[in-house]
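Letters A, B, C and D name the chains as they come in the text, with residue numbers starting at 1 for each one.
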């Protein structure tokens, strides 16, 4: 199968919720349109930013169907199938294909911690079992295991494994992947942390899967464009803006989850979607919300709810 | 609600499988009867040893129903509801009650890593939402977070939170829990690692949830009885036997999962149930199986398949 | 060389300081006499509780000489030689012998993190280079590496490696060592955390190296005696007292170092020695000191400074 | 005090040894001259690559004196003073000044793990006590603690704390430091891992402290120059060469220390200095040496010993 590489910004889409059991459908639509207007290259559903693991399967399925319908082919859609159960991953991938998605994304199963050899066997089997191209997802802080470079190199030869998203923030690791796999047909490398988008694109990454692109899609698209053209002064200017977001909106409170809470709170303040968060997280308290509001105002975002 | 404490050995039951999608029903029956004959005080389904997270929900539900029917009230049954999604935990607890289980067991949600304050809120909500008494499960190696002593002390006041299983192997932690909560009505303390059952029972723990009790139930029941009577010489003798298991059957290969693989392999060799393991783990290769066979033979278990 | 096993309580002696550069000689003498009066079996100098790594070499040497002189053969003395530099370890061991110590204690070098194979080579060389019997020290929280069971088993065959202190609090590990090495001539097993002294002695450990024995030596000696006789009801009573210390004096503040600060603060309040702590730690602030005073008062220690 | 920022490549100099107790003086001279010929901006002695912690203090002092004499003011010299003992750090800094060094570098004390508040107090005191400008050194894999961004921001206000070297490879962290402190007078930011030199310099870092600059100084100087001019195509070309080194010479064997062993082995094969490594590490075995030789040959380095 020939897969054309997706290049550019692929927001890991937030899942707008009214409650633990109900999607915010209006919010979903507004958010989709905002991101498409901003020039993103694709959408990634049910990732870490999408709170996938916190949602019931029913809700996950509904969300995939609804977003695919809303997007209606205007950009490609990737769906997260990370699961502790192999069969649930395959079931979700099958459904994603039915809905029109073009790829699936999987991190390691995350209750038991497999060895590298077990990871190779697992992803080889998964790559063969799913009906859409599979992207690997390196997310050690959440799944406990690192996809070692040697493991990725072996898996990259599987005909249905077509790329990797790295959320480790370990740039020694990412540069090593770029050295071995960068620029190859049939294998794409995406960076997760938005603090590193500029440098990674300049060094040869294919795109970035940045949570902030939910809030300010065009800013991240601009960064991708500047970096891929090697316009360093523009990269530097945009880096300042992105870092302002990272060091204000994402650092309210002393939570490990401040990033996730900050993204949803900002979207809620800007009237784009509801800010409800599924267990085990809770949305920001009013006192924290004030700080996000202040951070947004400083960036010139004024008409806040 | 008054809950009588369960005391003694509560095996974390293995889930016998024919494949990733099919239960080994004959194996399940044989295993249940063997454990009941051995004198265990209760059964714990869908825990870490039960490979719960690796099974599809359909299989999990089937297994709970089938074991409850097989046991038919002869001993109480606890069901694991650990999940990344709150609603799936509640749904499983509701089903467990319908099937006749008497309690549910939950570790922290294990994709996102909640703070201690978030854990308190989460388990408080979960304790109130489930229709059966809730046991906490401290399993830091798998869920990344530790249930701090202060967190447990706060949660122990919830009327529907009735105990804790500790699988950390950190005995400083367990002794601290015993100091604060040991011997209290309405809160039971169980130790996970079987290497520590003797000492923990002598120091006041209510029982032990030991994987080896799948294979040799009466050995662990004997240990519980000796330790609860303070018969140190008998504890010492039985400790030698348990350690022989731990240092042979559970240490084949260099897997993090050697314990789990060893338990299922031994059960399979002894003809009790099938040895299939769900992804991401694979059952032992023939060369490893030989080593388990040899270890069993050394213990005088001869009629092996 | 035949080494008679030291059995019983071996306090890891605090290093009384007037400042970063000066020993509290009067405090040292008072503390030594108090511990000897309390019935301890030996003293362990320059361990973790002794703040060895925080002291200049000159101070370390002075302390060893001074304590050896004060003890004057009344109990055996062990000296910590843990160092990142092999030659400094040997130099300290040589000096310890000159001063009259009977053994040395070493954890892994702790800047670089050696592999298990490198640890085997390192300790084999160290065991051969030092002029006194060598005890291994498993202290993973401070030195980053765990002395694996297989590593210890190999090293236990070295004629000059005669025992191990385990401060991991991982009782699965300790039980495994007891299974393989417990009761053997020529290799002693000591437990570090005092929360676990009772259970470990009952299960066959040779002794305990408990920081609290600086403050209340006879309490820990009583625990050793009760546990080694299998007097469970007395163990249980003493465990309550030890746990009261651990959960009050050692938990003031939210420091990783609360234990160390608590021990020195209690000694200072009881007028035994000065409470100064070497960098990077600082002694408790007055507000924290009040809490330790209150905890001591609750235990009936009234004449406090 | 006004300190002019050092910009460019600052090799963390290897310490050439004949044995655990003797410096390789000829190797030291050859290595110094090679690096100076290669255009490096400064030298950093007694860092992680310098095996400082493995050397006796006598050897460390000798090495500082000898290198300072050899360099004789041709480039500035920084000296590592990382120690578990505050007074030993100050003593080394004092000696470094006497020898003519212009700055000192310190990571956190690395036996006890201080809290961030304790780190602030510690480095504030250290900054005031040493007679040369102090550079912070973030090295979490070796010292267990991370210098949090907030901690660095507070310490950056100390008049005698003038920069930071980050060896975490966490580029989210480094970008956050660059955002807050990049381009400021009086505070320099250096990156450790050479895989990231190109991107970090392009994003505004002041220089790089790369181990590979011991072997190929001019390659790293070229990279610094290309990156600081924003010459992306040249950065990309040089990145390929640096990554070839990182993925061959530094990855022989499965040691955590492969990098360090690889650097010394390559220098030895190239006849620059002796390859002896101090405990706890051992130099490569002949079979591993062959692999480094092959890697060097592939890079066109032919006249090997």
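Simple rule for what comes next: contacts are C-beta pairs under 8 Å (C-beta built on N, C-alpha and C of every residue); 3 or more make two chains touch, one makes a residue touch a chain.
The model shown is predicted, which means the values in this text are computed figures rather than measured ones.
Chemist: Touching both subunit C and subunit D: give me those chains, sorted by label.
Modeler: Chains touching both subunit C and subunit D: none.
Chemist: Tell me, please, which chain's centre (mean of its C-alpha atoms) is farthest from the centre of subunit C?
Modeler: It is A.
Chemist: Indicate the whole-number Å distance between the mean C-alpha point of subunit A and the mean C-alpha point of subunit D.
Modeler: So the centre of subunit A lies 35 Å away from the centre of subunit D.
Chemist: Could you state the distance in Å from the CA-based centre of subunit B to that of subunit D?
Modeler: Whole-Å distance between the two chain centres: 49.
Chemist: Could you list the positions in subunit A whose residues touch two or more of the other chains?
Modeler: Subunit A, residues with two or more chain partners: not present.
Chemist: On the basis of the stated criterion, which chains touch which? Give every pair.
Modeler: Per the contact definition above, the touching pairs are A-B, A-D, B-C, C-D.
Chemist: Along subunit D, where are the residues that touch subunit A in the complex?
Modeler: The contact residues of subunit D facing subunit A are 169-173, 175-176, 179-180, 193, 195-196, 198-200, 202-204, 230, 232, 235-236, 239-240, 243-244, 246-247.
Chemist: Help me check something: in the complex, which residues belonging to subunit A touch subunit B?
Modeler: So the residues of subunit A touching subunit B come out as 20-21, 48, 53-57, 84-88, 91, 108-115, 118-119, 121-122, 125, 141-144, 255-257, 260, 278-282.
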